[in-house]
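There are two complexes below, and they share subunit A, which is joined by subunit B in the first and by subunit C in the second.
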Partner chain A sequence: MVDIDWWGLIVPFAYLVVLSGTFMTFSTIYRKRKATQSANLAPWFGPHLQRNIYLSLLHMEPEANGSEKAAAAKTPKVPESVIRAALLRRAVEDIHRIIQIRTAKAACSSLLQRGSVGDDLWQRFQRAEKEMEEELRDVVMEANALAPNWGQIIFQSANEIAANTVLKQRLDEIQAQTEREKEWWEKRRSTIKTESLKKLEDESEKTQGKVGSEDEPVLVDTNTPSATPVSGGGSKKKKGRK
Partner chain B sequence: MSDLDTFTLLHLRIDPQSKAIGSAGATAAGTTSRTLEAELAALNALHRSLHSLEAPHVVPPPPVPVNPKRSANVTKLRESGNAEYRKQRYGEAIKFYTLGLQMALTRPAWEPSQLVREEVHQLYSNRAQAHMQLAGWAEGAVDAEASVEAKRQGNAKAWLRRGRCLVEMGRLEEARDWVGKGLEVEGQEKELLELLKEVEGRIAQDKASGA
Partner chain C sequence: MGADYAYDEEGYLWPFFVFTLTFIVTLPLTYLLVSRSRDPAAALKRVQSDYRHEHADLVDTLRKQEKRKDRKLWLLAFVMAGWAVMGYMLYLINTTEAPTQKIWNPYDILSIPESASIKVIKSTYKKLSLRFHPDKIRPDASRNETLEDLNARYVEISKAYQALTDEEVRNNYIQYGNPDGKQGYSINIALPKAMVSDGNGKYIVLIYSALFGVLLPYLVGSWWYGTLRRSKEGSLMESANRLFRAYQDDIDEGGVITALSEGKEYEDLFKGNKADSQLSRIESKILAEGELSPFAGGLSVKHKEKLQNLESGPQRKALALLWAYLGRVELDDPALNKAKLEVAPISHALNKSFTAISLAYMNTAPLLASYYTSQLLIQALPPKSSPLLQLPYFTPKIVKAVEGDSRIRTSVQSFMDRPDSKRRSLVVGKNLLTEQQYKEAVKVAKQLPYLRVAKAYFKVTGERCIIPSSLVTLVVKGRFVPPGSEKLPEVNEPDLEDIDPAEDDLDAILGRKTKKQIGKDENGKPIMSADSEPILPPLASAPYFARDHSPRWHVFLTDSKQGRVAVPPFTFAQFDRPVFQEDGRTPTFAMQTLKAQFQAPPQAGHYTFVMHVVCDSYVGFDTKMEVTLIVDEASKAAEMADDDQISEPDEGWSTTFLP
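And then the complex of A and B:
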């Protein structure tokens, strides 16, 4: 029988204990830190206002917790049409977010490959992507609950709404310039420069007689405000129209 | 939106008569409540427009088969505008085009935006032309720009019209940039090339006379 020398074994055992202890402490601390880090990652998007409104509407009455359809029917205060409108708004916002994610994806991944952005940005991005998927699925389910087969077309409608809103905004912006442009042109026309007047004269071959001296264009122009328009008339006529 | 299972409960109230949603109670910061107000206004507008749906539909139908009534109206207004234009009553033509634009732009938002672009770009382009006949270069320039915004490609006339308006207003540099951009989009359009040549000629002339 070999007599075990317990005292001699203490050293290797202690060594093992210390070693594994260190590893364990390290790994728990490391994991905890990582978890808090990813929990503290700033979300990609801000708060989803439309979603909050939609859910708030559903929860406006205490008994409105159950299935949306039944609840909405039971509570006369929130008509179903409002809920549907709110869900549609939510879908529109989702469309905006999807577009953002799609456009950001290529840029993000190439930046990451080049090492221009940190790892946590990519993590945030992936999380946003996953959340979006969940969100879409949720909206489709809600839509199907509100109206039969609405889930299949709600995002088509939302997509058109989003596109139309963007278009209308741009057009409104452009049309809003009209007044300013008109004012500017009036001012400009009254103080129009000598050269352009002279050129108009040449082009239109109008008899604007008195503009012999180039120093007083204002006089002629204010007297005959239609001088400028007439000049363009000839060249325009030939253009076709739709 | 950090968690999918939670949401922020907003204090909303509903107007029993109009069914309009409003925010109740004081929300925290001024800015958040302002965005909330804007969003609620949009929601109420959408809700009202949902009421215009015909009986069997409770939700917006798929965008593709379009209710032909509005398109027919828009086309009719454009035709009337064109007829007035041909009779050289440009003011009347502008009125018809403006009505047509209103009709086209108040189309329910869930109908295809491509269709809206198609209708709107023609109306804007025609209205620009009518403004040009009345020597409203500023309005013409704005309308032509709007037309291009609605449809960038295959819209050479609108590119040309804004270019012409800018030239008439003496904004030659701007006109050159604009027409150059138009050529990039439209390819070698003959009329645009001519206009560009003209603009460049005038710029050179200006320089020569200025020097």
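And then the complex of A and C:
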């Protein structure tokens, strides 16, 4: 009979068990963590206010109809035009988001390849992209339900509205500066005026004084030409300070 | 007779083994340690200045702290331990005597001189055999002898006698060094016997599993997750993600600064109640009325709203401190002032990430905003502030004295271009600068490396005209002309030309001489190869920035009509010719060559680009000029080559198709 050293035999088996056990726990923990991470990714866009408004407007009807006639009388039926306007607003917001996604896509993927941004950003981005596709389809369907064939042109008009609002915003920004600019120019004009008046006075004094002393005009002459070629704005200022 | 393996029982071999092993590991680490502790910034020239602002000591301590952080303590300990082990092993090698196998010498055994004759040998043997024959003597208990010892001794003696007399035995002795013929040899394994002896096995297994089961996975894991955690630009990945989200096509410098405050790095810096403490105090300070701008922090109303809309937390504190830093606002609290100086380098590091992101979008405005933000962070200037504040002792009050109520900012160059008497009369006076301070400011201004571009043109190496899709080189020729430089020599016309490398100089054509690389491109000039040592401009004069920064220049082309980057930036940190003379302050006015290669458009035509040369360290030192790239049809190029052939028959056009 072969004498088996059971204790000695346990060691290699324990080694195998520990090894495989470690690998298994590691992989399960790793996968679980990955899953929770991707589940908890923050959405790319914030809450869609326009969609929420549209949906709440749309769902006011059944509630009012479903309960009682008195309630229906209290909350009048939402006019069709308001719902349409809400849908158009929603489409405009979608256009903004789509533009953002389209411009970001090439940049995001190239940055991901270079390792300048993280993997989870790309995941979030892809999720947002898919979400937007669904959203667009939903808007088209809703539009078709509200008015036949509206789905084909709703995004065209939304696009124009979006472009227009951007333009208007920029114009407003520029317009907002006018007050300040006006104020500054008023102030500047008055200082320039007083300066030039002073200068005129000085010059008239000089012409009078020329007869008296010989040195002074020479000094002034050497000073001015060296100062003028520097810069228009600068020399003006300096004169103002004298 | 076979090879038998023995472990190192006497302990004379394993010190060699351990010594070699430690040597292999310690030597590279020592090199690493030495190369790291040698401060690269110390070798660089600095802008000479005696100017110390009131927090200069704080800036110095922060810079030193940063350098200390680089010095890894564990590395030092490891290297020292390695050398200690090596020393001990050397000591062991020297002291332990190796058991030398005695050379078998029959003369020694018979204790006769080697010159002894046969007669002497015989007589000695007889004498000895009489004395030592086992039958004649008995073991001496006092000398610890046994019968075997006596036998062995007698055998030895007779062997020795035979070796000297018997022909065959003598041959054996001469051939193998032993009268018995060939002996077995032994191989020793340089491991101490203790390692394999019974009972120690479990410890060995323990050490083994600790090494391979714990340490190795830990090292690999920490390396892998370390690379995942940081983006390519060195900022935390999470920060880079946030910056990507904060990117906007119309972002300005203030917007970039607001975006940078989102960095995760600040969350680590302002942990717990540090995030909110004294936030209101900082905000009241930066939102106080400023001298040059509506607020002391230098932020615009738009960015003030952004700041106030933030939730209080690390981001808001970081942003408030950033504005305080940029506006050089005194916070009247040592801890806050330190934090103020600390946030800027972090933002500067984050800004690299933002630059990469804006570059991926290829829009000009955000890219420029990012570069300008870098300048502002290094010089501690708020956006749209006066570049004059870069000079020492210049405060908003003095800037006001220079600029008056003009809205056009006076750059350092235009200020310094004015005659000395004019400058002096503006800034020296009561409540303004003293004579001493003015001199210091002028001294510093005259050392700032302003790259004045003399000429910028396109060329294709070895060709006369540019054909579609060829590899075009943008050559920018310029000189470092510090503001206020006097006696500027005329531009030497030949300097402006870029000579192609000789056709037989393959190294230069292929850009193989990596040593003389300047920035990203190769230096094609064969003349330059003699002094190929790259020259670094002096470290940026940035008294408020808590890091040493070596200035860089970015050259890129944009399409002004579309507002897009046409050729991405090439970065130059080194130059081929000295910027300053030996004394470190007299400019050489040497013509520098910057080259950037890119692919020409696929269609022929005239392309007008705007070339930007942006310095990342100084405000107002940028150059923006229009350059036109003329791309000719390929047929025209062929015609010109034909012309060449006619006029210069000895230089065939086929040579232009060299690799």
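We adopt the following convention: the second predicted complex is superposed on the first by the 144 of 242 C-alpha atoms of A that agree within 3 Å, B and C clash if a C-alpha of one lies under 4 Å from a C-alpha of the other, contacts with A are read in each partner's own complex, and residues count from 1 in each chain.
Keep this in mind: a contact is a pair of C-beta atoms (placed from the backbone, for glycine too) under 8 Å apart; a residue touches a chain by one contact, two chains touch by 3 or more.
Just so we're clear, the structure is a prediction, and the values are computed from it rather than from any experiment.
Student: Counting touched residues of subunit A, say whether subunit B or subunit C comes out ahead.
Tutor: Per-residue touch count on subunit A favours B.
Student: Counting only touches as set out at the top, which of subunit B and subunit C does A:S116 meet: first, second, both, neither?
Tutor: second
Student: Per the contact definition in the header, classify A:Q126: touching subunit B only (first), subunit C only (second), both, or neither.
Tutor: neither
Student: Quick check for you: in the superposed arrangement, does A:T103 touch first (subunit B), second (subunit C), both or neither?
Tutor: second
Student: Touch test for A:R188: subunit B only (first), subunit C only (second), both, or neither?
Tutor: In the superposition, A:R188 contacts both subunit B and subunit C.
Student: Should A:Q169 be classified as contacting the first partner (subunit B), the second (subunit C), both, or neither?
Tutor: After superposition on chain A, A:Q169 lies in contact with neither partner.
Student: Touching A:T25 in the superposition: subunit B (first), subunit C (second), both, neither?
Tutor: After superposition on chain A, A:T25 lies in contact with neither partner.
Student: Where does A:V78 make contact in the superposed view: on subunit B (first), on subunit C (second), on both, or on neither?
Tutor: Only subunit B is touched by A:V78; subunit C is not.
Student: I'd like to check the shared interface: which positions of subunit A are touched by both subunit B and subunit C across the two complexes?
Tutor: 184, 188, 226, 230-231, 236, 240-241
Student: Could you please specify the touching residues of subunit B with respect to subunit A in the complex?
Tutor: Of all residues in subunit B, those touching subunit A are 1-2, 4, 7-12, 14, 16, 19, 21, 35-36, 39-40, 42-44, 46-47, 50-51, 58-63, 82, 85, 105, 107, 109-113, 116-117, 120, 122, 125-126, 129, 132-139, 141-142, 145-146, 149-150, 157, 160, 164, 168-170, 191, 202, 205-206, 209-210.
Student: Across the complex, what residues on subunit C touch subunit A?
Tutor: 205, 213, 228, 231-233, 237-238, 240-241, 244-245, 249, 353, 356-357, 360-362, 401-408, 410, 414, 417-419, 422, 426
Student: Spell out the residues on subunit A that touch subunit C in their complex, using ranges where they run on.
Tutor: 11, 22, 44, 103-104, 106-108, 110-111, 114-121, 184, 187-188, 191, 226-227, 230-231, 233-234, 236-238, 240-241
Student: For subunit A, which residues are in contact with subunit B within the complex?
Tutor: Result: residues 43, 45-53, 55-57, 59-60, 77-82, 84-86, 88-89, 131, 134-135, 138, 143, 146-147, 150, 153-154, 156-158, 160-161, 163-165, 167-168, 170-171, 174-175, 177-178, 181-182, 184-185, 188, 192-193, 195-196, 198-199, 226, 228-232, 236, 239-242 of subunit A touch subunit B.
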